[in-house]
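Below are the structure tokens for one structure; questions will follow.
First chain written, first letter: the chains are A, B and C, and each begins at residue 1.
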Amino acid sequence: MKLTLNRNLTQRLGFGLITTMALLTVLPIIGVVIYILAQGGPAISWEFLSAFPHDGMRQGGILPAIVGTFYLTLGTAAFSVPLGVAAAIYLSEYAAENMATRLIRLAIINLAGIPSVVYGLFGLGLFVLFLKFGTSILSASLTLSIMTLPVIISTSEEALRAVPESFRTVSISLGATRWQTIRRIILREALPGIITGVILGLERAAGETAPILFTGAAFFLPRLPGSPLDATMALPYHLFVISTQVPEMPFQIQYGTALVLIAFVLGMNLIATVVRSRARAKRQW
Amino acid sequence: MNKIVVENLTLQYSDGAESLRNISMDIREQAITVLFGPAGGGKSSLLRCINRLNDLTSVRALRGRILLDGENILDPKTDVIALRRKVGMVFARPVTLPLSIRGNLIYGLQVMGEKRKSKLDEAVERSLKQAALWDEVNDRLDDPAIALSGGQQQRLCLARSLALEPEVILLDEPTSGLDPISTGKVEASLQELKKNYTIVLVPHSVQQAARTADFAAFFLQGELVEYSEGKEIFTTPKEKRTEDYVTGRFG
Amino acid sequence: MEKELTWHEFLITRLIKASGYSAILFVALIFYFLLREGLPALAEVKLGDLFAAVRWYPIENYFGLLPLISGSLIVTVGAALIAVPFGIATAVFIAEISPRWARDILKPLVELLGGLPSVVLGFLGILVLSPYLRILLNIPTGLTALAGSILLGGIAIPTIVSVAEDALDSVPRSYREGAWALGATRWQTIWRVTLPAARSGVLTAIMLGLGRAIGETMAVMMVTGNAPVMATGLGALFSPVRTMTATIAAEMGEVSNGSVHYHVLFLIGITLFLISLIVNVTASAVVFQQKKRSERVLS
């Protein structure tokens, strides 16, 4: 009897402790979002979103940063999506389980773990200096692409592998080649999963600062970038700059910028989630 | 006339399991040849050799020849794509491609490069009639194939192979998941089809084998134990092992 | 095996194969460029002046890396002290204790945290966290290693939670039921059966989470005060430090191409690359082992 009481007490206390710790972890997240919304919300206006900054960023809007992030995300997609999806197709549909394939997977794991600032160094060394692309959207996009590659490859591979093997068998038995099977059936069925992975990867790239610090980001540009060889402003870098380098920066603008950045990133997350659940509902297998 | 001749075929998978041991047999055209026996006998493996589907699995050793119209299809120089159009296959569980009914049927023709609508429509109607499915689905050809019942899906798979106008049809336990009525429809289609095609069937029961066979081969653990014309093998088998299986003493 | 690929299909297949191998190419490329720009530092600065010196003051040619390494270390250790207990606790809560409906709210929330750009956390660190710490702890400035540790903890927690929660979830139900059948309480089951069974997955979670923390740049750069002084003892948590990552990010912009300072920053990059290599390869080796073992056990 006493033994049971003791154990039940332990369980109560234990559960209570765990629950408290979990809440302490999770509640601040909600708090953070609400706080930024509250502080930054008032700053959001059409002018804020569509105008250039004035007076050393202390007034005006963040249009060039928004456009810059948009360009960078597009640039990253342009390089990382074809390459990443193709690599995923290779791993899922063609590669045999041998040493070479294990090496590829190891390389992907490594790419995933490299600190973002090291990517910045690499981008500086290869794209900006060696290939002489200079500090540009091109250099920054290429750098971000390599950084995003692991995410796209692993989510795409998972999506491809999820397609039932029986489809491949039937297709081959009807006289299709492997590529025809991939193009007509496998890729189509895996597409929602691939899109979800791509969006999540790009979302991460959009929020990164370190890789673009030396490869493409500019403090202030009076005009929007006109070519991929131009440098650009970008939301994450802009937030960094106005919160650390500009004295007497109005708080509201800072929070507003943070809000726009979060909205951009979370918006992409939302799209990815919607794509994922709609695809699951429509699946024919 | 022998459509297919199997000569000394031995097959071993990478995990060491020996699937076929020195099989030699003839498969007559315009007839139903039945390969029956307990699980693991090598019947499916033999089927998958005939349309080279075994290329997709890890095979350690493959010896012997399979002659289709006199040509060895195990030769590495064989045009496997053309072979698979000539030799159609229906699998145990109906696997419809994630396309419409029409999409499933014209898939094989489309990968061949056939684009003419007239040809495709003609193939759709012909193959559905051959599989005795035309009446049931001709008004909803653009519906997803997955919406059909199990029996209908399997007949669709049969029609899908027929759309390519093959010469041989391989069926691997095609009615194992189907109700008796659907099974009957499939067996009736086969009786019609054998007039123009060579059919090799792995049945899911000895009774089905007995119902449908023009020629029957009993497989046991990779070995071809007995082969006979007609239904004698079911009533008066020559080998004891055959008799034990047919009478239900094991299996 | 499949004969007669048209030239067009042949080309595509070749491109796909090349894409597959590109990952190896990129890792090699990154390593090469880091070495190319970083190794000269070893020739230009004496080894002792790099790895045994405690002054980092590049303007006067002091390139002692120890303060930076110790800065990274203390911030990461602090982050671990926060992230591991809270991360594991949250994972246990989500996997074992919370009701179904709560799980569907908590998991996305944690993912949300994981999706927040680190610069946003750093920003909040400057405006909210460090003034708060300054007042709460009565210290001269809130821009300290502690602030960095808290933010890094927040960055590591989502990784730890999702990987650990997956690991706990995949412990077969039969393990738990066996324990209950023997009269154990749910609490005892968690600590004596489920967690030990998920041990390698949880370990992986921690390694991956801390790996992410070590490599973090912006958040730490913004809140740790950027003072490259030696961090000695846990008391250093309450004073400013500088991490390796922040050093690169802060100084690379002002450095002239080809100078000693430039090379040393790349050398730091090599160090970070190697650290992440070791952490990630070890983590995945652990996962690999666990998968093989569980495959054998369950088959």
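Operating definition for what follows: contacts are C-beta pairs under 8 Å (C-beta built on N, C-alpha and C of every residue); 3 or more make two chains touch, one makes a residue touch a chain.
None of these values were measured; they are calculated from a predicted model.
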Chain closest to the assembly centre - both centres taken as Cα means: A
Leading chain pair when contacts are tallied as C-beta pairs: A-C
Longest centre-to-centre distance from chain A, chain (CA-based): B
CA centroid of chain A to CA centroid of chain C, Å: 17
For chain A paired with chain B, centre-to-centre distance based on mean C-alpha positions, whole Å: 49
Euclidean distance of C-alpha centroids - chain B vs chain C, Å: 55
Where chain A touches two or more other chains, by residue: 177, 180
Residues of chain B touching at least two other chains: 81
Residue numbers of chain C (touch at least two other chains): 2
Chain A-touching residues of chain C, taken from the complex the two chains share: 2, 5, 9, 12-13, 15-17, 19-24, 26-27, 29-30, 33-34, 36-37, 85-87, 89-90, 92-94, 97-98, 106, 109-113, 115-120, 122-124, 126-128, 154, 157, 161, 185-188, 191, 211, 214-218, 222, 245, 248-249, 252-253, 257, 265-266, 269, 272-273, 276-277, 279-281, 284
Chain A residues touching chain C - in the complex, by the definition given at the top: 7-8, 10-11, 14-15, 17-19, 21-22, 24-26, 28-30, 32-33, 35-36, 82-84, 86-87, 89-91, 94-95, 100, 103-104, 106-122, 124-126, 129-130, 146, 149-150, 153, 177-180, 203-204, 206-210, 213-214, 236-237, 239-240, 243-244, 251, 254, 258, 261-262, 265-266, 269
Chain B-touching residues of chain A, taken from the complex the two chains share: 164, 166-177, 180, 184-185, 188-189, 284-285
Chain B residues within the chain A interface of the complex: 51, 53, 56, 81-82, 84-85, 88-89, 91, 93, 95, 97-98, 107-108, 110-112, 144, 146, 157, 160-161, 164
